[in-house]
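First the structure, in the form of structure tokens, and then the observations on it.
Letters A, B and C mark the chains in the order given here, with residues in each chain numbered from 1 onward.
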Amino acid sequence: MKRGRLVSWLLIVFGVLYFSVPLLGTFEFSLRLLRGVYSLAAYRIVLADPRFGATVAYSTALAVATIVVGVLLVVPTAYWIQLRLPWLRPVVEFITLLPLVIPAIVLVFGYLRIYNSSSVLPFTGSERTTDLLLMFSYVTLALPYMYRAVDTGLRAIDVRTLTEAAQSLGAGWSTILLGVILPNVRVAVLSGAFLTFAIVIGEFTMASLLDRPAFGPYLQNIGANRAYEPAALSIISFAITWACMGLLQVFGRGTPAQVAGAH
Amino acid sequence: MRPLAVQPSPGLPGEGLAIPPPPATSLWVSGVSWAWVGIVPFFVFALMFLIVPTSFLVVGGFQDSQGHFTLRNLQDLLQPTIVSSYLISIKVSAASAIGGALVGFALAYAAIAGGLPTWVRSTLMTFSGVASNFAGVPLAFAFLATLGRTGLATALLVNVFGFNIYNAGFNLLSFWGLTITYMYFQIPLMVLIMAPAIDGIKREWREASANLGANTLEFWRYIALPILWPPMLGSTLLLFANAFGAVATAYALTGSSLNIVTIVLFAQIRGDVLHNPNLGYALALGMILITGLSNAAYIWLRGRSERWLR
Amino acid sequence: MTFLEIENLQKRFAQTTAVEHVQLEVTRGEFVSFLGPSGCGKTTTLRIIAGFESPSSGAIRLEGVDITHRPPNQRNVGMVFQSYALFPNMTVAENVGFGLKVAKKPAAVIRHTVEEMLNLIKLPALGNRYPYQLSGGQQQRVALARALAIKPQVLLLDEPLSALDAKIRVSLRNEIRSIQRELGITTIYVTHDQEEALSLSDRIVVMSEGRVEQIGTPFEIYNFPRTAFVASFVGTLNILRGHVADAAGGKIVVDGQEVMASRALEHARVGDVCTVALRPEVVTLGEAAGNGNRMQGTVEDVNFLGSIVRVRVRFKDNAISVDTFNNPRLSLPQRGQALTVSFPHEAVLALEAPSST
């Protein structure tokens, strides 16, 4: 067994190297803006760029909207499936798996074809409505994770008994959902929210094809034109992802992390 | 002792009161079940943003510009440039999937069942959760900064080992560069997916097999591998589908120098470079087929092994 | 002659000593139980015999051969795990035949032995089932068959019945014992259930906190416990605390009343605190004939348990439980009633004073 342990340690060391070297390399690269000396100049330039602030604000706002709409969509659905319509569960679960199977680029291709200016629902007709479409796209991307988190959270509480207790005390449906169910799945919703935030902040494909000023396309644009700033942005982006995932681990015990976001 | 009083009341024994049942808030209002109202938004959403767009593309792949049914687009898919783009996509996806699967499995097994302290496992899981989301544009930048011509690792290899990988023919902006970059999120994903399966290999089985005379190799051959290969293969397929649908990383890294399917589709959406919109639909259709089959196979394989482990 | 020898075994983990100075000689065909609470070291000792742990010091000898440092897959001991540990991807027949397949026995031999084993555990028709299709009791029997198929020299069982329902436990333990007798295989059985140990074993090793408290037959362990731990762990027990009045005469004073033991109190001086034990079934209510011990007390509680009536009698600081058979012709004692209890001199067990009380 001793030999096995040595091999295990070697593998772990290799893993550590493989994962830390690109991060270290990026960080080191980001410090090289001023020739010959390490400095945080690249970061200063990036943070001072008005487009940085604008795109981060845009993406953040979009993320928050996505989370709200997502929660409003998913929580009642998961609730009704558990309570009254268990036979629909396979259908709903299949639907929530579709965004994982159908690549994002295919989805946005479909949106552009169906919801362009000459269609019944001209989402791409104006900037605001395109923002709306982008938000719905993000809700779609986040759907599997949000649904899984909320569903798990609902299973952990006895939905039926809570509902019956609330009903016997005279509560109507909206009170039950907002006042009883939602607070009890707060943790699950939070974990879904963090994952959604990470997805939206880094997303590139949909934002780029829908031509919206999100953080993802901004990143790519900087990368095409500058040398050192992209590395700084990369580190910033990684820090944000790390923060989201870290909060997710803290709040979302048991929710398996998955690959999300643009890749 | 006094005899139990016989009471016909349906309430709790010993009590005189019968508590009436709670008023059932009726779900049926004017014949429409409120339950359905609760989930209609979800289905409308699914239709609008999942089912209809995808079906539109699928149907469009079988139509010509006038809307008539044709198999011409599928035929056009067989033109050399498109076939080659599919092939490159498949190769990159397969390479990063297999590489990610092998390394990921080895890492996961080492951390979970390799006799190491428990903090190694939890650290690996946490890090995998983060690293599997570090993808897309920032990941491309990270690798450019590391393995690019002026990257840290490249420079280190030159300065410490005197070995210039670019002189030796390596180029980050190529098939292998993209594969290695993809593996940065494939490996953690494999770790996360396989961890439960590896957990499922109970320590007692190892001990029981040793007790019955088997050595490590025989344990793997007769017990561990038969149980693990379905989820391993399934996960590899999942990784494959994952890489196949990726576009942001490739766009930021290799741009249009590596013509994978998603890049071609990206260009087609932007500006109809194929000069044939319906061909774009067929392209998307091909993608859906490949990712769909991979995911279906993953689910089937996952079910196979779970059958025994009930 | 000694078949299995455990010599001065010791196992230390980081801060704790799990096993200390365990010494045992087992004869061929003997059924020995290791009995004790969780964490007493019994499972660790078993795992050292099986080879899954290596001792810090000491030796294991099987038929005179030192196997202390042999890897677990070369010891020819069969182990039955608490969680059955059946290989889920193999049928019952494949599980049972696994040890033989690894030993590269010919297929015909494997088939024959598997059939023999399945008949032994009385599950001849389940060869093609998978473990997940079997009940807990069936799985454990298959685990037993699998361990026996390789014809081991020693059979080790690690709390094999603790995961099963109470009813199955009783029938299965009798089955295990009868199979063991039939095959005449030397067996080490680890359990925390004293009823199991008492009913199955030729000898019992009672362990606590890594140390052996007592080794003896079930009769000896129950009737002549050597320490307070053994007395209290095995069966229920009454404890009386008093002072030594006459060490040579075996006389102590408990709550102002004189109690005599049948033997002298060793290593005691007048005035020492002394603890004695009494089994509930040796005490009788009322004045008994002859010149045994008598004590006057008050009835504190009466528990009617069906066939047994358990009466709690309080003296001053001490109280004892008296078990008496239900007798419909007699009325139950009332609480607060004054009562005399009697017990013979031999029933008074002087306990080795523990190092701290």
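In this section, a contact is a pair of C-beta atoms (placed from the backbone, for glycine too) under 8 Å apart; a residue touches a chain by one contact, two chains touch by 3 or more.
Note that this is a predicted model, so its numbers are computed, not measured.
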Averaging each chain's C-alpha atoms to get its centre, pick out the one most distant from chain C. A
Just to be sure I understand: the centre of a chain is the mean of its C-alpha atoms, right? Then which chain's centre is nearest the mean of all of them? B
Please work out the Cα centroid separation of chain B and chain C, and write it as a whole number of Å. 53
Could you put a whole-Å number on the gap between the CA centroids of chain A and chain C? 58
When centres are defined as mean Cα positions, the distance from chain A to chain B in whole Å is 15
Give every residue of chain C touching chain B within the complex, in rising order. 50-52, 71-75, 77-79, 81, 83, 85, 87-90, 98-99, 101-103, 130-132, 146-147, 150
Residues of chain B touching chain C in the complex: 202, 204-205, 207-215, 218, 222-223, 226-227, 307-310
Note which residues of chain A are touching chain B in the complex, please. 1, 4-5, 7-9, 11-12, 15, 18-19, 21-26, 28-30, 72-74, 76-77, 79-81, 83-85, 88, 92, 95, 97-114, 121, 136-137, 139-140, 164, 167-168, 170, 172-173, 198, 202-205, 209, 216, 219-220, 223, 230-231, 233-234, 237-238, 241-242, 244-246, 248-249, 256-263
Which of the residues in chain B end up touching chain A in this complex? 22-25, 27, 34-35, 38-39, 41-42, 45-46, 48-54, 56-57, 60, 103, 106-107, 110-111, 114-116, 120, 124, 126-147, 150-153, 184-185, 187, 189, 192, 216, 241-242, 244-249, 251-252, 262, 265-266, 269-270, 280, 284, 287-288, 291-292, 295
